[in-house]
Amino acid sequence: MSGELRRNEDTDLELEKLEAAVEAVLFAMGDAVEVDKIAAAIGHDTDTTRRLVHQMMDRYNSRAGGMEIIELEDSFQLCTRKEYYDALIRVAKQPKKYSLTDVQLEVLSVVAYRQPVTRQEIEKIRGVNSDHALNRLVEYGLVQEAGRMDAPGRPILFGTTEEFLRNFGVRSTEDLPSVQPEVAEEMKNEAEEEVQLKLNL
Amino acid sequence: MSGELRRNEDTDLELEKLEAAVEAVLFAMGDAVEVDKIAAAIGHDTDTTRRLVHQMMDRYNSRAGGMEIIELEDSFQLCTRKEYYDALIRVAKQPKKYSLTDVQLEVLSVVAYRQPVTRQEIEKIRGVNSDHALNRLVEYGLVQEAGRMDAPGRPILFGTTEEFLRNFGVRSTEDLPSVQPEVAEEMKNEAEEEVQLKLNL
Amino acid sequence: MALSVKLDNFEGPLDLLLHLIDINKFNIFDIPIVEITDQYMEYIKNMENRDLNTMSEFLVMAATLLEIKARMLLPVEVDEEGEEVDPREELVRKLLEYKMYKYMAAELKDRMVVAERAFYRGPAIPDEVAAYEQPLDIEELVGDLTLSRLNQIFQNVIRRQNEKIDPIRSRFGRIEQEEISLDEKIIEIREYVAGHESFCFSGLLERQKGRIQVIVTFLAVLELMKTGEIQAVQDHPFGDIRIRRVS
């Protein structure tokens, strides 16, 4: 009851702690939190809790921070104050600098030239778990799922997307493995250099 | 005189609004937000923005609410204050918890303090193959690839992630706990004893 | 001394050595190499059931210890600057470094326990704001990446995969198939001793193929000396060691 809150000599301190706990609960739970849940978290009854949150709502409004508490049926929710939507939009609209990381490039090359390919095969080829980069490539729409492998566990197969083809000016993935002449030349040169090195040793 | 005062009042109001906008951005984004993004949101340069957020961090700490702002490399993130864990755990789901083995922790500490580091270097330091533990740490998202070493075979370099910083309460890789004073002391004493022994001989 | 700790508890040879230094209260800068080598060998003896990949790392350290032990018996080495070289120096450096990372691991663990008490939240971007999400610019993402460059990257990945077969470890793999165990080596030497009352130790080592074989032979000889089946005699300092059958 309200008496409970006032009983303590250090009411202010006690209150402050309770409010902080409620704030933490509202923050962490995200969506609307039922008043019983908040009550359970702070170890008070629902009436006291509701009164406490109402007090907090006033305080939030007077301090005019970035957030406010809204009441929905028998729940409370912490959310962004509408007047700061502009600031949020500026973050969202901020031109992102898109570029592929070295790891993503490697994974993309493996998918492109080995498709359809499973996560396990990519990991085996690169020698390290590549899930993170693979997931990003799927998100970017450069790589997509391409069925399941007919093997135990039926692992997902990955391949490149049409978007990928469009961006690389390739008509179909069959055009991929054909190494372009200048690359072939370069690879030949490198191989020769390697042999030369070995002979010198 | 009064003009000055008024200007100060404006500044305070302006500051309050800016802080509220930052709060709104951090709250809505949830994840760690890079300082440049926050800067774009409030229309100030990054240095000013960083100073502003540091001020907010102090204010958050002194008002002792339910949340605090943490700094991770060049990003900021909102999270609950640790002292409200007990209240939260009564109603909220336990946040992601890593139960790392001693081997994984050892490998993680080598990666953290030696980054960027190759598999081979880790193995050399530990005197034992560490691939399994390293792979798990990559899977957990605590360790990630950090490019290739400019050496024969171009081996993969590994470093820690933002997730690592967050989960180990470390602000940046430069902020890693230093060797415990008593350990350093012990090592120093032993070294001195050795010198003493040599002198006596 | 009684060995109450199982080897499985050790993460590697350095971990085992640190444990031995710790329980004996040895000074890490002045490790009594004979004692520690003996104790280390004692531990290794109990390792026979473990897979060779793990054991090989312990055996390499055994070889290192034996080498240091041998070098300690030789006249003091001097480096280019005339400073005395302690054969244990490199080992001590490695042990100290490893010890530091172990401390750091414990420190990190403490930090993790504290940090885990904070809760985070996912994004809660209002719909009105989310609608402004900038579409992904795939052209910018791909940038000036060409197909031939992508192919080059792929060729590099494949080349590295082929190079990844580490020469040292692949040798361990073959040894695993050869299945030399300490027991078998002991039987082999025992049989040899039965036919030869006395023979040259260095000759025995020379007949071994590969480092691991040498190490296991060394361990087998130590074991047979301990059980009193053979005796090692050295007539003069740095002379050849002769192995004799004890009748």
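Observations on the structure shown:
Which chain is which? They are A, B and C, in the order written, and residues in each are numbered from 1.
Note that contacts are C-beta pairs under 8 Å (C-beta built on N, C-alpha and C of every residue); 3 or more make two chains touch, one makes a residue touch a chain.
Because the structure is a prediction, the values reported are computed rather than measured.
Placing every chain at the mean of its C-alpha atoms, the farthest one from chain A is found to be C.
Relative to the centroid of all protein Cα atoms, the closest per-chain Cα centroid is that of B. One finds 33 Å separating the Cα centroids of chain B and chain C. For this pair, chain A with chain B, the centres built from the Cα atoms lie 18 Å apart.
Averaged C-alpha coordinates put the centre of chain A at 40 Å from the centre of chain C. Each of the following residues of chain C touches two or more other chains: 119-122, 124-126, 129, 160, 164. Looking at chain B, residues 27-29, 78, 80-81, 88, 92 sit in touch with two or more other chains.
Residue ranges of chain B in contact with chain A, taken from their complex: 16, 19-29, 33, 37-38, 40-43, 64-67, 78, 80-81, 84, 87-88, 90-92, 135, 138-139, 141, 144-145, 147-148, 156.
The touching residues of chain C, counted against chain B in their complex, run 11-15, 27-30, 53-54, 57, 61, 94, 96-98, 100-109, 111-112, 114-126, 129, 156, 160, 163-164, 169. Those residues of chain A whose C-beta lies close enough to touch chain C in the complex are 24, 27-28, 30, 79-80, 85, 88-89, 92-100, 105-106, 108-110, 112-113, 125-127, 140-142, 163, 167-170, 176, 179-180, 182-183, 186-187. By the touch rule above, chain C contacts chain A in their complex via residues 119-122, 124-126, 128-130, 132-134, 136-143, 145-148, 150-155, 157-158, 160-161, 164.
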